[in-house]
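Below are two complexes that have chain A in common, paired first with chain B and then with chain C.
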Partner chain A sequence: MMSGYLAGHSILHRLPAGLKLFALALLSLLILPMDAPWRLAGALVLTLAVYAALGRAALARVGLLRPLVPLLVLMFVLQAWAGDWTSAGLEAGMASVLRIVLMVLLADLVTLSTPLQHMMDALETVLRPLRPLGVSPRKLALAVALVLRFVPVLLSAWHAREEAWRARSTRRPSLALIPGFLADTLRLADRVAEALDARGFGRGRGPHAE
Partner chain B sequence: MFRSPGVRPGGAPPVTRGDAHGIQIRDVWLNRGPTPLFCGLSLDLTEPRIGLVGPNGSGKSTLLRLLNGLMAADRGDITVAGLNARTHRRDLPTRVGFVFQNVDHQILFPTVREELTFGLVEQGRSRAEAREEAERLLALHGCGDWGDRAVDALSEGQKQLVCILAAIAPGPPILVMDEPLASLDLATRLALAARLARLPHQIIMASHDLDLLATFDRVIWLDAGRIVGDGSPGEVLPLYRAHEMARAAAQDTLS
Partner chain C sequence: MMIWETVLAENTALETRSLVRIALFAALIGVLGLVPPVYLPMAAGVPVTAQSMAVMLAGLVLGGRNGALAVALFLLVVALGAPLLSGGRGGLGVFFGPTAGFALGFIPAALVTGWLAQRLPWPRLAANLVAAMVGGIGVLYLCGVPALAAIAHISLTKALLGSLAFVPGDMLKAVLAALAARTVQDSGALGNSRR
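Up next, the complex of A and B:
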């Protein structure tokens, strides 16, 4: 979920997108009640082995978890504190952290091995029952797809603002950057809407036109 | 969605050569906010390469957006390759491809193949057809192995080439470009300009690159929605350059 598709020809790449999403949902349900840290750690090792099997580029994506580290530490501390720093509390903290990391990595396995178009098709199938309620499955699927596509673009917009700050200040970038960044985001949304329109999306032809 | 000979989905008339050439703008009125921008603008755009010049806010981008149906005129008629822009808005992307300045604002998918197939699928082609067409187009433009590439791994120039290919994929005879080369380095700009020169499409381009526009067939100079100059680059560009230099000098003394 952190960045996009990684071209490749592994078994994982060849599995249908729907199956992968279904398996991900099932695994998440299995992992959710798991609270023994050693079990979760075992599952994590297995997941990392899959990354390693996919090659260096896939393994490098594990590093993209780094921004999550402060949050994970905070989670661990809160859990341990709530358990009065007993071994049970520490164990619960470990379990929550491992669970999150495991789920994010599993989800990213799907993202990195599935072209967005396939993901959209699978989502469209899943969302089809909502059509009688006036929901357009294709529009919703496209919305999800665009979120995935624009995560890196938004990150680089944030970095550009941060860099502009650092170029003129020795202090750490502050919350003052946020309004400008939000303005960037809204401008981007306008432009992307225009680009979609220019390519004919929502003009009443194509697969979403009934 | 299906096609049968003679009947086009959406009821658009089949394109026939002759009556469907270029763009005709007839008495177009358009307000931008409360202020009028175009007051009875009329133009025939039939030359293969047409440049638009003018200061920022002069109406270049707005005029380009009218041609692809991104905006609609308040009054008046625009005919694009034989189609009325108002009544056949949905079919315009198959007549006019649009390329914007910022590639990051227009590439919608993470891989090159998905980006190219999107517009084709939007125009009612099947996935398989769209994929085949995308591969054909990539091979034709010497990028046969680009299909699986991640867009984020491409250079700026390569990204802009992907945008151009995505715009021409649905087969429009006309390509409209809003300062497409502005953010590229000189070598990349020259290489892409050479590629554009080889395209069979009619191209209408807003640009501040007067060297590039000097190679065009016609240049139109807009200011505040009015046509100030219209003719060959040799006639229009020297006047425009002199005018802009005078304006720069005037701004300098004001500060």
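Up next, the complex of A and C:
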């Protein structure tokens, strides 16, 4: 299934999801006011060591930050420029780039060590006080499951449309595909909703009720 | 008694239908971030996908409230770890990066787009277009630019100048979203008749 989770048995994997999320929030409060680049770099080295300890697959995740690189370079240049290329300006630029990379890597550490189901359970605990306001954890869980299930379905539906276009035209598949794709998605949604209702989902009583 | 039961049954059917529509639209936002159907020549080095267009579409097609819920659900699934944000990013790290304001700004963007589109008294296409521009560009940048400035520790002007490079592409997406939404609105796929 599509998720950021990497199976494993490390200490990090065995910690409860709620604790990891709480620790992440706490760390972000500690790291955000940090200004010394060498401290941030030290923390980054420690974080990377954790990735390395989790194995090669985890370390490969660091490479997924590549889309961020142009933006980070731009940020560094802008800050160094704002500081007239003095060492203070360069340091400030380094610090903010390091801070962002560090926070992103720490947050991804939680993602890759926590199965989706545990995240959902942690979320349900957070949402429980909202139940009187009409927030239903059961509906939310169904909605999340539907999204995860239908991304591959819609993706292959899109590719089928692209292929059909290529069979008909020498031009590149274009935005003319989108309206039909949208309408199909809405019809699919209505069929899924009918199927759910036929199985008693919307009734609020019976075997599937809360 | 009978009437009430019918009304209640209709009601739950509608409720399930909006829930599923919200979920499938959230999936669609992810899909349009994975396959870039907008081939923009000006997108040198920057991944330009149809994701922000999908956000405008969510507001236009589902309406403000449900569109915003679809976007929020999409972001929740991303936060839970699904690599669905354009460029294949996912996980909690997204919300600590420099573009976190833009990602979270998708929610009010869809809300305002849908809210406006239903209230502007103009022909559908014009209302769609203006709503998509105000919501999908104006509101989005209003959330994203200050967040970028704060996270990257750069001045607001510089953050704005850096973001302006994306505005032409976003304008084009607003036009495309308005056109696509009108086609869907006219096709009857949204209609309340049960198929």
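The rule is short, and it goes like this: the second predicted complex is superposed on the first by the 133 of 210 C-alpha atoms of A that agree within 3 Å, B and C clash if a C-alpha of one lies under 4 Å from a C-alpha of the other, contacts with A are read in each partner's own complex, and residues count from 1 in each chain.
One rule holds in what follows: a residue touches a chain if its C-beta (ideal position, glycine included) is under 8 Å from a C-beta of that chain, and two chains touch if they have at least 3 such contacts.
Everything numeric in this text was worked out from a predicted model, so none of it was measured.
Contacts of A:F201 after superposition: both chain B and chain C are touched. In the superposed model, A:L177 makes contact with chain C only, not with chain B. In the superposed model, A:R39 lies in contact with neither chain B nor chain C. Counting the residues of chain A that each partner touches, chain B and chain C differ, and the larger count belongs to C.
When the shared chain is aligned, no partner comes close enough to touch A:R128: not chain B, not chain C.
In the superposed pair of complexes, A:L74 makes contact with chain C only, with no contact to chain B. In the superposition on chain A, A:A7 contacts chain B only, with no contact to chain C. In the superposed pair of complexes, A:M103 makes contact with chain C only, with no contact to chain B. Shared interface residues of chain A, touching chain B in one complex and chain C in the other, are 3-5, 116, 146, 148, 153, 188, 191-192, 194, 196-197, 201, 203-204.
Residues 3-7, 115-117, 145-146, 148-149, 152-153, 156, 188, 191-192, 194-201, 203-207, 209 of chain A are the ones touching chain B in the complex.
Those residues of chain C whose C-beta lies close enough to touch chain A in the complex are 12-13, 15-17, 19-28, 30-31, 34-35, 37-39, 45-47, 50, 57, 61, 73-74, 76-77, 80-84, 87-99, 151-155, 158, 162, 176, 179-180, 183-184, 187, 189-190, 194-195. Interface of chain B with chain A (complex): residues 1, 9-10, 68-70, 89-94, 98, 100, 102, 104-111, 113-114, 117-119, 121-124, 127, 148-150, 152, 166-167, 170.
By the touch criterion stated above, chain A contacts chain C in their complex at residues 2-5, 24, 28, 64, 67-68, 70-72, 74-75, 78-79, 82, 92, 95-96, 100, 103-108, 110-112, 114, 116, 119-120, 123, 139, 142-144, 146-148, 150-151, 153-155, 158-159, 162, 172-175, 177-179, 182-183, 185-194, 196-197, 201-204.
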